[in-house]
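Below are two complexes that have subunit A in common, paired first with subunit B and then with subunit C.
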Partner chain A sequence: MSAQKSILYPLVAVLVLILIPVIGVKLGLSYFFAVVVPYAAFVIFFGGILCKIVNWARSPVPFRITTTCGQGKSFDWVKHNKFDNPFTNKQVFVRMVLEVLCFRSLFRNLKMELRDGPKLTYGSAKWLWLGALAFHWSFLIILLRHMRFFAQPVPGFVDMLQSVDGFFELGVPQLFLTDAVIVAALTYLFLRRVVVPQLRYISLPSDYFPLFLLFGLILSGIGMRYFFKVDIIKVKELAMSLVILKPTVPEGIGALFYVHLFMLCVLFAYFPFSKLTHMAGVFLSPTRNLANNSRYKRHVNPWDYPVKVHTYEEYEEEFREKMKEVGLPVEKE
Partner chain B sequence: MADVPKPEELAKIDHTPPETPWMETPAVLKDGMWCYGAHPKNLEIVDMPNPREWSPRDEDWKLPDNWKEIVLDGMKDRLGKFRSFKLFMDICVRCGACADKCHYFIGSGDPKNMPVLRAELLRSVYRKNFTLGGKLFKKLAGGRDLTMDVFKEWWYYLFQCSECRRCSVFCPYGIDTAEITIIGRELINLLGCNIDWIQAPVANCYRTGNHLGIQPHAYVSMIEFFCDEIEDVTGVRVNPTFNRKGAEILFITPSGDVFADPGTYTAMGYLILFHYLESMGLDITWSTYASEGGNFGFFTSHEMAKRLNAKMYAEAERLGVKWILGGECGHMWRVVHQYMDTFNGPPDFLEEPVSPITGTKFEHAKSTKMVHICEFTADLIRHNKLKLDPSRNDNLVVTFHDSCNPARAMGFLEEPRYIIKNVCNNFYEMPSNTIREETFCCGSGAGLNAGENLELRMRGGFPRANAVKHVHEKHGVNMLACICAIDRAALPTLMEYWVPEVEVTGVHELVGNALILDGEKKRTTDLRGEPLPGMEDIEDEDL
Partner chain C sequence: MKIYDGRKIIPGILIAAVIFSFPFWLNFGKAAVPPKPKLPKEVKNCVEPTTFMRTSHMQLLNEWRDIVVRENFRLFAAPDGKEHLMSLQNGCLKCHESKADFCDQCHNYLDVKPYCWDCHLAPKENK
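And then the complex of A and B:
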């Protein structure tokens, strides 16, 4: 599929997805979009992720294939790089924390350049790391900020997050830092896919689709907060009613809210069937989550089976005379 | 076979991908970039499927009628057996961080050599056949049918990956292309489509105990020839033993070091070291049956790796040794460190390794019971057990090439450096992004060091060679040290092509040069028979 089509198809798909709730609500299907779809998305998301994890976990890890990124443990006098080359499970834990929270591996990123000479150079290239980190952390914080819609009273940490996020106190309503950051990060992640020729070449529709969905989700959210106000009280009423499993749909929440909610639902429902499962998969990656101690502690392969080998007896049988000629000891004279 | 273009030509690399999308660009076998197909007799020796005369160049690869079913069943089987495979098929986000980390991509510019795309070759088939999205949305979900063209594309590009794992260092999820290549090659081998450069060593190793097919009497006489050479240089006669029961330690090293320069000088280094330690209590034997440290089975399938690896423990048990010492080799050490105990252990008949000279317990190897010779030697130097004269390596300005597997599957970085710094006076590191865990492959690993794919090797080795060239120009480096037999076989050709002034050595060749033996004569040459600067005069005076 050409790059143009890989971008166009998911873009059209997301635009259609935006229209669906707009038309749906006009046709009086608010209950469907406010209740049925969110519940269904919720079930698909958690059920799907769970199935995915169980499915991965059902395949064993037959070998200890740690990728080591620093000095391994050997002698006392050799400095061991504990977190890039863990030897104990505690050290593995730290490695995983660094990986999941700080994107340790992506931090190593380099950019190769071929110059005249020929001369190859490898420059530091932290933009991808920064963009990815900015996106993921912003997303998490925004998600947590939304907890205020689902709990009464609003938990303290949510208030705290919100005040930190709104630290700059710019504008009315005050601008959340994360709103600006996530748009910037997402734009960067999108643009690099389109602009860098190699990335454009490897990108599939399934790489653009979640990006467009996220744009839809985030822009509709930002639209509601800063530009086209919706009735927040009613939104909270709906959210709380969903939480306590007694859904009631208040009249007159703006259509933009339904777009926002629907984007989220599609994202959630799409999640378990897509590359987005990297969120769960990263924890299971055998090159990262295993200690490099396979000579210290035996790793067992659960499906190990006996194989046909060429025994010493067979070997000696074939070469006995030649072995004797050069004085090699033999088992049978 | 096409000639390799001149370095200036080869270095004109365009990294821009073509206009046509990759799924619609079938692989065209370019001469110089691929290896000959497995000879039927080499498949038969180890009972592998579909032995027949064939050439990858032919339209018809003579596959069984149900080849597609065999491959897809094989894929299903492996998805169930390897979490790595299943996970790596699912979670790639195509962020592209791996793209310019692959030496084959850097050297060829072929987009299908970007690790992400190499994996996508398999992923596309996985998605189409094993995921809901792929079944429903096919191409839209990145799915692709398994066709003969696709299978040939797998073959072409899975034999343009040296399983070096550099990409996996940079991947945010640790996706390891080596794992994908290993399993992809397993699938290829279900149809008997291995390359002969791997299959022949496999067959040889199965029968004769080593990749090169050296029979026991020849193995012994080759090593005795080294003993003669050592005597010429040092005046001391070393006396190795073979297949000797009751020895304390079994020594296993890649057969490449017995076979060809410059590995042979590394083998001579081992022999000198063992002789030096003999009077201090070292009781060691070589084996003609377990005469291969390397494991080309590992480039074929997990099963074949296990079958060939079995000889190590089997021979250790038969000879009744206490533990095993292993020579300098890259993928050998990946197999020993990460697989052997799982494959063929537990080796209950062995004891936890202890250095008979220093008493050091090799605690970190207490289960597998095999120790790397660089660990062994570094420990000796640390305890001042070796009399060394590093000035005997003063004719050399040395840099160190981390071999992929010891670096990225063990973290074996300081031990060889410690040795080098103790046996040489002139040592310079290559740029930091080209060594240690970020080291570049020699370009010929994982069974790709054949003659017919020389262009691939020179392209893949370009990043390594370019870094060597940098220190050659900056510091006058003239010797590239390494701890891998494939490196020693492959790097001389690479150096000759890109940086002709630099030669290649194993670390223990440097040790052999520096080690002062009791009763040795004044050394006037190194182990290669090349005159030592400053020492020629002494010889003249004697005359």
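And then the complex of A and C:
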């Protein structure tokens, strides 16, 4: 698929997805969009992720296929790089924590260039790492901040996050830094696919669709907070009624809220079937979560079955007389 | 069906499920109590329509503060033609007497901590 189509199709899809709740609420389907869709999305999200994980867990990983990014354990006088080439499960744990929280594999990202000569050169390329880190952490903080709509009284950590996030007290309502950071990071993550020719070539609609979906989600949220107000008392009433499983839909929340909610639901429902499952998959990637101890421990292939073999001794036993007759050498007389 | 590494994966799934369903079990069996801000009895209309005040009072107050502090101008012409004093203590609080019964109702409900009272004196509540 050409680059233009790869961008255009998901963009149109997201625009249509934005229009659906707008029209739906106008037609009086607010119960459907406020109750049925969120519950369905939640179930699809959990069920889908669970199926994925079970599917992964059913695949045997008989051998150690760790990516070794440093000196493996060897003689005592060779310095072992514990977290880039883990040997024990404890070291694997540290490696996984660093991977999940700090994205170390992206930190190792390199840029390859042919310089005059021609000489192949490698340089460090940290922008992807920085953009990914900024995006993921902002998203997590924003998600946690939203817990103020889902709990009463609001838990203390939300309060803390809000005051740190709104530290600069810019404007009213206070500008949350994560709101600004996530838009910047997402813009970068989008632009790098468009601007870098190699990335544009390999980018598919399934790469752009989540980006546009997230843009829709985030911009509708920012819009609600700072510009086109909705009645958030009613929003919390709805959210609380959903989590205590007695859904009631207050009247007149505002269409933008339904857009925001619908974007979220689509994201949740889309999650297990897309590249976004890396959220669960990162924990099960065999190139990260295995200790590199093949030389110290025997790993038996689980689908090995006892193979019926016919050894030379048995062979000779069977054909000794015939072998002697034709003059073949035998080991035992 | 054989699950490999179930001893690690199943607890992992359970932990993730507990974390992700956090809003459900935190509120389990509780009824959500919506806030009840106490409205003034004598006056029925605020400076702007109720729907606007509900969603945008903070921005209005922010504008008021800037106008009052920077331009020393204190009169606000409401859409209904009346004039109001742009003042928190001598304007808003004239009708909405109690911070605890009015402001804090929704602010606590949604965990909003406006910094009005960093400078302004909060009204003394009768306890």
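Simple rule for what comes next: the second predicted complex is superposed on the first by the 304 of 333 C-alpha atoms of A that agree within 3 Å, B and C clash if a C-alpha of one lies under 4 Å from a C-alpha of the other, contacts with A are read in each partner's own complex, and residues count from 1 in each chain.
Keep in mind that, in the parts below, a contact is a pair of C-beta atoms (placed from the backbone, for glycine too) under 8 Å apart; a residue touches a chain by one contact, two chains touch by 3 or more.
This is a predicted model, so every value here is computed, not measured.
Q: Overlaying the two complexes on subunit A, which is it for subunit B and subunit C: clash or fit?
A: Superposition result for subunit B and subunit C: fit.
Q: Could you tell me if A:Val16 is touching subunit B, subunit C, both of them or neither one (first, second, both, neither)?
A: A:Val16 contacts neither subunit B nor subunit C.
Q: As a test of reading the superposition: which chain, subunit B or subunit C, is in touch with more residues of subunit A?
A: Touching more of subunit A: B.
Q: Does the superposition put A:Leu27 against subunit B (first), subunit C (second), both, or neither?
A: A:Leu27 contacts neither subunit B nor subunit C.
Q: Considering only touches as defined above, state whether A:Pro60 meets subunit B (first), subunit C (second), both or neither.
A: A:Pro60 contacts both subunit B and subunit C.
Q: State whether A:Tyr315 touches subunit B only (first), subunit C only (second), both chains, or neither.
A: After superposition on chain A, A:Tyr315 lies in contact with subunit B alone.
Q: In the superposed arrangement, does A:Pro197 touch subunit B (first), subunit C (second), both or neither?
A: In the superposed model, A:Pro197 contacts subunit B only, not subunit C.
Q: After lining up the shared chain so the two structures overlap, which partner does A:Lys73 touch, if you call subunit B first and subunit C second: first, second, both or neither?
A: first
Q: If you stack the two complexes on chain A, which partner ends up touching A:Val158: first (subunit B), second (subunit C), both, or neither?
A: After superposition on chain A, A:Val158 lies in contact with subunit C alone.
Q: If we overlay the two complexes on their shared chain A, which of subunit B and subunit C does A:Leu284 touch? Say first, second, both or neither.
A: both
Q: Considering the aligned complexes, could you tell me the closest Cα pair distance between subunit B and subunit C in angstrom?
A: 10
Q: Determine where on subunit A the residues touched by subunit B overlap those touched by subunit C, and list them.
A: Touching subunit B in the first complex and subunit C in the second, residues 57-61, 284 of subunit A appear in both lists.
Q: Flag every residue of subunit A that touches subunit C in the complex, lowest number first.
A: These residues of subunit A touch subunit C: 46, 50, 53-54, 57-61, 147-155, 158-159, 162-163, 169, 171-173, 229-233, 236-237, 239-241, 243-245, 280, 283-284, 302.
Q: Which positions of subunit B touch subunit A when the two form their complex?
A: 11, 13, 15-17, 21-23, 47, 79-87, 90-97, 99-101, 106, 111, 114, 116-117, 120, 131-133, 139-142, 165, 168-176, 179, 206-209, 215-217, 220-221, 242-245, 288-289, 302-303, 306-307, 310-311, 314-315, 318, 336-339, 341-343, 345-346, 360, 363-368, 370, 375, 378-379, 382, 407-415, 418, 431, 433-434, 436-438, 462-463, 466-467, 470
Q: Write out the stretch or stretches of subunit C touching subunit A in their complex.
A: Against subunit A, subunit C makes touches at 1-6, 9, 12-13, 16-17, 20, 22-24, 26-35, 51, 54-56, 58-59, 61-62, 106, 108-115.
Q: Help me check something: in the complex, which residues belonging to subunit A touch subunit B?
A: 1-3, 9, 52, 55-75, 77-79, 81, 84-85, 87, 99, 103, 105-106, 108-112, 114, 117-120, 122, 128, 132, 192, 196-207, 273-275, 277-278, 281-282, 284-288, 292-301, 303-304, 307-312, 315-316, 318-319, 322-323, 325-329
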